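We call the chains A, B, C and D, going by the order they appear; numbering starts again at 1 in every chain.
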Amino acid sequence: MKTFVKYTPQKFDECVNLHEVEQLAINKLTDNSLSYYYSGAGDEETLKENKDAFRRIHLNPRVLVDVSHIDTSCNILGQKISMPICIAPSALHKLASEKGENDTASAAHKLNTLMILSTLSSVKLEDVAESNKTGLRWFQLYVLKDREFTANIIKRAQKSGFKAIVLTVDAPILGSRERDQRVKFSLPKEISYENLTQTVLDSKQITQEEIKHSSSQIFNLFLDKMDPSLNWEVIKWIRSITTLPLILKGVHRADDAVLAAEMGVNGIIVSNHGGRQLDTVLSGVELLIPIAQALKKYRNIEIYVDGGIRRGTDVFKCLALGAKAVFLGRPILYGLACEGENGVRRVIEIIYKELVICMKLCGCRKVSEIGRDMVILKRTKF
Amino acid sequence: MKTFVKYTPQKFDECVNLHEVEQLAINKLTDNSLSYYYSGAGDEETLKENKDAFRRIHLNPRVLVDVSHIDTSCNILGQKISMPICIAPSALHKLASEKGENDTASAAHKLNTLMILSTLSSVKLEDVAESNKTGLRWFQLYVLKDREFTANIIKRAQKSGFKAIVLTVDAPILGSRERDQRVKFSLPKEISYENLTQTVLDSKQITQEEIKHSSSQIFNLFLDKMDPSLNWEVIKWIRSITTLPLILKGVHRADDAVLAAEMGVNGIIVSNHGGRQLDTVLSGVELLIPIAQALKKYRNIEIYVDGGIRRGTDVFKCLALGAKAVFLGRPILYGLACEGENGVRRVIEIIYKELVICMKLCGCRKVSEIGRDMVILKRTKF
Amino acid sequence: MKTFVKYTPQKFDECVNLHEVEQLAINKLTDNSLSYYYSGAGDEETLKENKDAFRRIHLNPRVLVDVSHIDTSCNILGQKISMPICIAPSALHKLASEKGENDTASAAHKLNTLMILSTLSSVKLEDVAESNKTGLRWFQLYVLKDREFTANIIKRAQKSGFKAIVLTVDAPILGSRERDQRVKFSLPKEISYENLTQTVLDSKQITQEEIKHSSSQIFNLFLDKMDPSLNWEVIKWIRSITTLPLILKGVHRADDAVLAAEMGVNGIIVSNHGGRQLDTVLSGVELLIPIAQALKKYRNIEIYVDGGIRRGTDVFKCLALGAKAVFLGRPILYGLACEGENGVRRVIEIIYKELVICMKLCGCRKVSEIGRDMVILKRTKF
Amino acid sequence: MKTFVKYTPQKFDECVNLHEVEQLAINKLTDNSLSYYYSGAGDEETLKENKDAFRRIHLNPRVLVDVSHIDTSCNILGQKISMPICIAPSALHKLASEKGENDTASAAHKLNTLMILSTLSSVKLEDVAESNKTGLRWFQLYVLKDREFTANIIKRAQKSGFKAIVLTVDAPILGSRERDQRVKFSLPKEISYENLTQTVLDSKQITQEEIKHSSSQIFNLFLDKMDPSLNWEVIKWIRSITTLPLILKGVHRADDAVLAAEMGVNGIIVSNHGGRQLDTVLSGVELLIPIAQALKKYRNIEIYVDGGIRRGTDVFKCLALGAKAVFLGRPILYGLACEGENGVRRVIEIIYKELVICMKLCGCRKVSEIGRDMVILKRTKF
């Protein structure tokens, strides 16, 4: 039997979907960088589930709706953006492109969408802000043992025009990513954590015992600098430092989500950290379901989600299940690796176009029409 | 271990089932044509599910019934045909055989079954009618932005003896079929959309922006000509133009099916467009289940179904779950590619013979005996 | 990684399980014979399910039971046999060994278990009876269009000491077995249906139309000779001819099983004919579950089952779910192909030994202790 | 597409998880030893399920808990050990390392955890005790037909400082392990069952009939020496000989577990014997669920579990589902094969470190905080 045209794109502009962008990027990245970007925790079950879960959720399209005009814009914490597809925080964009986070921020800006900058960025937050003044940016925060430094970086972010603080709550310690350990991930000389001051980096508190079975620089950084004693008190502490809205990233349980709402948190990103922290937790979209249910009666908290989103239909399903917007992680890095700012832009444009087609074929003219009845959860439930 | 006789047929008349016909056809068709016929939307999950779903539905045969006489005839909108297996509308049959839709219509006619001709046929509807005068034919309608042309083609169909209008409702825009995009599907010079007048084809309304990420001629045709503003008002409009019965093709939801019934529509084809429009919708036969349930109390609307039907047992299962008849899409095109009219006939004869065996082994002597109790839906439900 | 010892037995006496016997037999049989023995209907889904279903049924063993003495004997229609493992009827044993059904009958006799001889045996029923006088034998009956011949063969069976008539009810027509069609199965010259008289075989009633798409001699035999008008009346007719107990083989539905019980049938073999008749019916063991449930209140009917039984644990599960005994089909033929009578004996001894181990490890000392609570049906049900 | 770094470790200290340790060990062991260690019963369905079941159980992590201090210690029958990860009894450690059980005991001792020594150890129980005086050890008991010997070995164990008797209840006969039969497993000359006295070994009671289809020395040993008449009376008998606590290993059913509790047994190890006894029983962790439920109201019995535990997340899931501790079987032997005492230690350290990470990422600071709500049982249940 003739196998037919299995097209592996040779050039970036031939890519018709994000899977192909990923393929190209894998070929471009060094083993060191790829292992860092690609790896999930443990047996990478959750890494795989993040994508697979979407195949178990079915669309339920409505026909004969006038879809000649589609409006994808949405409001995130009161700010209007062009689409409910945003850029998740991730470390070290310079592993993928020379200008690193500056490329990413420019792309987000030009498409009028939101980017979250990581504490562990390879470009200084002030520089990212400077080169993309008007774009909507939030700042992802890791709370370090050094609370003075932490307070300071929050203030720096606010001063530089970041519009919210996104506190990562699922990383009191780094997950065990075995690909990193096997390649013994290390920072290339020309790249560093530009937001971290020299003082912070110099104070070695890590013990020999702790690094014994670890071979990854990033893992060691966490053991050494990040604060594993983080608890719900930190919310009050952050509120005492900044007036910015506060988002929790990495909430998994409905009771934790309710607690966040009760404490006045402005938003949560339902996330398993791209399957990189704890293996065998549920996929991002499956975590979303009970959380959205539990937060129905709380009006002042917004829900976002990330994890395995590769198709416009994935975005649509997340919205139907209660998310206000979704965040893309690895695909952004893959676009960056392929063609810098242009690569990021094209990645977002591809999935955006798919979302538009999905909305048209489902009979939803604006994101507010993407209701719970647009998806069917159980394949076997009729 | 000796692997035993894996027979790949070399000749069409050695094919014992529709899978083998497909294999032969794949070898015969050009990449351009094959990509167009074979492709599904997105990751082709629904394309695959259309076939797989039948494996999850089990037969529940009755024994010791006298099956020496089997009657497969059925009534469709009051017309008797020889079997509940009909030909779905599909575009451009000349991609598969020289005489295109004329071959298909002849085969349908000789077997005394129903064929639906596509708006996008490669033979003019009047010519198809002329060469097969007495065969039962319905006309599939795409509503174009040019409503005058649309009204006119409805009248042409009625005048040429087509007995119903089948309005496609799941294609306000074409689904994203990546195989088409990769081969940049284009019409061979000698083939054209014969029902579309030159005026219609000439009025280019498509913008450069719209075709930016699209490389397929058929995709562009939809962007340019088809009317994405279609809504339930169109039913009244069609009724004002023709006295023919009206069928909606592409209904997915039970509430839409009920709406159609309430509006006096004569029939619906439950269909996901062969998995070509929106990926990750349910399979055709699974869509059928809640719709048949919801329409139980409506006497004046008939239900048909298509999607992934390759075996007589598949036909039988659809009838058991509430369909009056099923429609074959790709298998017809594969038969056409193998041996023109004769190929189409043989495809239908193979699956017809399987249906007869299935009816005999299930103890159902006529289609009206194929009740809901003849299938078991959940493998694990006892 | 070193792959370790994957032992493919070279000699029959090295086989440790029935899978290995099958492997050896596949190598020994001609394509013609193998296709006939091995083939299932359609896509062979049910053929596969017959085996797979046992993996979804879990054992629930009881510990600390004195299992120093195990009694596997059981009573079948009042006759005691040594084990609840019997030989299913199958056609043409001479395709596998020179002495054909005589070998099979000897093995059954020596192990003191029951064999059912097929109407389509390649040794005359009187000869089988003659060479194994005291062994327990039942006679499988196909009702032919020629009712005089049929009445006569029933009388011959009773006269020759067969102790029950096993009426096949799931074959008004033969299932479509595509392996047979591909090799165009035909009888070797030296082998014939020895129970069928010349008169019966000569009267050709089959039409050209009917054999059009069929290429298998066995399929044609059915079209020509077997009676597709069989219905529940046949029970009275058989009762009028013989005093032997009557078993129905091939019952699939609980309502048909109840009907059989109400009509005074003595036993049923729950069976899908080895997946050879109608594809996508449930596995034998899954069919058993609702039937055993429905027949609970009927004391005078016994339930047996066949289909995919390859392990002692499979036998045990069938007993737990309500069967009085199980029947082996293909494994007997594979044993026969490997080493004639000795091969059949060894096949039964292997699975018998497995049953004994299973009973010991489950804490069941006799077959009557193998109750419903010894199995867990749903993997996910706790 | 570049496949990236698939690291197969060349050296033991490069192994980052227990799968890699297994791989290395497979390369080191002889076929004879490997077959004995690796093999499961029958088709090895349960062997496989033991691992796979953990993938169907999902973690439900709590965030924003101060996890700067983690305490993994636990109490087992009143004795504090450093972690809830213990060493299951297994036979013949000298097949893997020269010092055999002495290596294993030393490793357990140094990590301050519990080891269970097998009746079938290749080092005398007194010698194991002598070389690791203060380590916590329990003694696994097979009850032999020779009850005098059995009584004596119980006394020897108590005298040598073993702190509990672990009675194996799922092996009245050995399961059928086909890998053993294929390699005809036999003891290397220099290795023997050191706890069994010569008198016991000499009295051959096994008949020729019984060993007919068996080719494995270990299987024969069971046929010959072990007592298949074992029943619940044995508990009283053991109580009459020793004051040590009594644990039953191999309980599968909730009703048997309740019976054990009612009879005053001190603990049970829920276990399917590593999938080596009866194929198609449920996985260890799935057996645990209904048993833990049924024993809720019994305060004086502890529950442990083994089977397929390879990850810290597996340990955590067992604790969440009601186990006080888990036991590792094959991974210990693989560590032993790789590097003797050091290998065992490293195996435990790897999974221990994973457990610590899992506890931190789940927000559980001590084992008592690992409650039932920390896991989600059904992937599809929201």
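Heads up, the rule we're going with is that a residue touches a chain if its C-beta (ideal position, glycine included) is under 8 Å from a C-beta of that chain, and two chains touch if they have at least 3 such contacts.
Being a predicted model, the structure only gives us computed values, none of them experimental.
*Asks:* Degrees of rotation, nearest 5, to put the Cα trace of chain C on chain D?
*Replies:* To bring chain C onto chain D, one rotates by 90 degrees.
*Asks:* Please indicate which chain is farthest from chain B, where distance is taken between mean Cα coordinates of the chains.
*Replies:* Farthest chain from chain B, going by C-alpha centroids: D.
*Asks:* Where the centres are mean C-alpha positions, what is the separation of chain A from chain B, in Å?
*Replies:* 42
*Asks:* Taking the mean of the CA coordinates per chain, how far is chain B from chain D in Å?
*Replies:* Going by mean C-alpha positions, chain B sits 59 Å from chain D.
*Asks:* Can you tell me which residues of chain D touch two or more of the remaining chains?
*Replies:* Chain D, residues with two or more chain partners: not present.
*Asks:* Which word fits how the chains touch one another: line, ring, star, complete or other?
*Replies:* Basically the chains close up into a ring.
*Asks:* Show me, using the given definition of touch, all chain pairs that touch one another.
*Replies:* Once each pair is checked, the touching ones are A-B, A-D, B-C, C-D.
*Asks:* Mind pulling up the chain D residues that touch chain A in the complex?
*Replies:* 1-2, 4-5, 7, 16-17, 54-55, 57-68, 311, 313, 349-350, 353-354, 357-358, 360-362, 376, 379-380, 382
*Asks:* Enumerate the contact residues on chain C facing chain B in the complex.
*Replies:* 8, 23, 26-27, 31, 34-35, 38, 42-43, 45, 56, 169-170, 172-173, 175-176, 178-179, 181-183, 213, 227-232, 234, 248, 250-253, 256, 277-282, 286, 289-290, 293, 377-378
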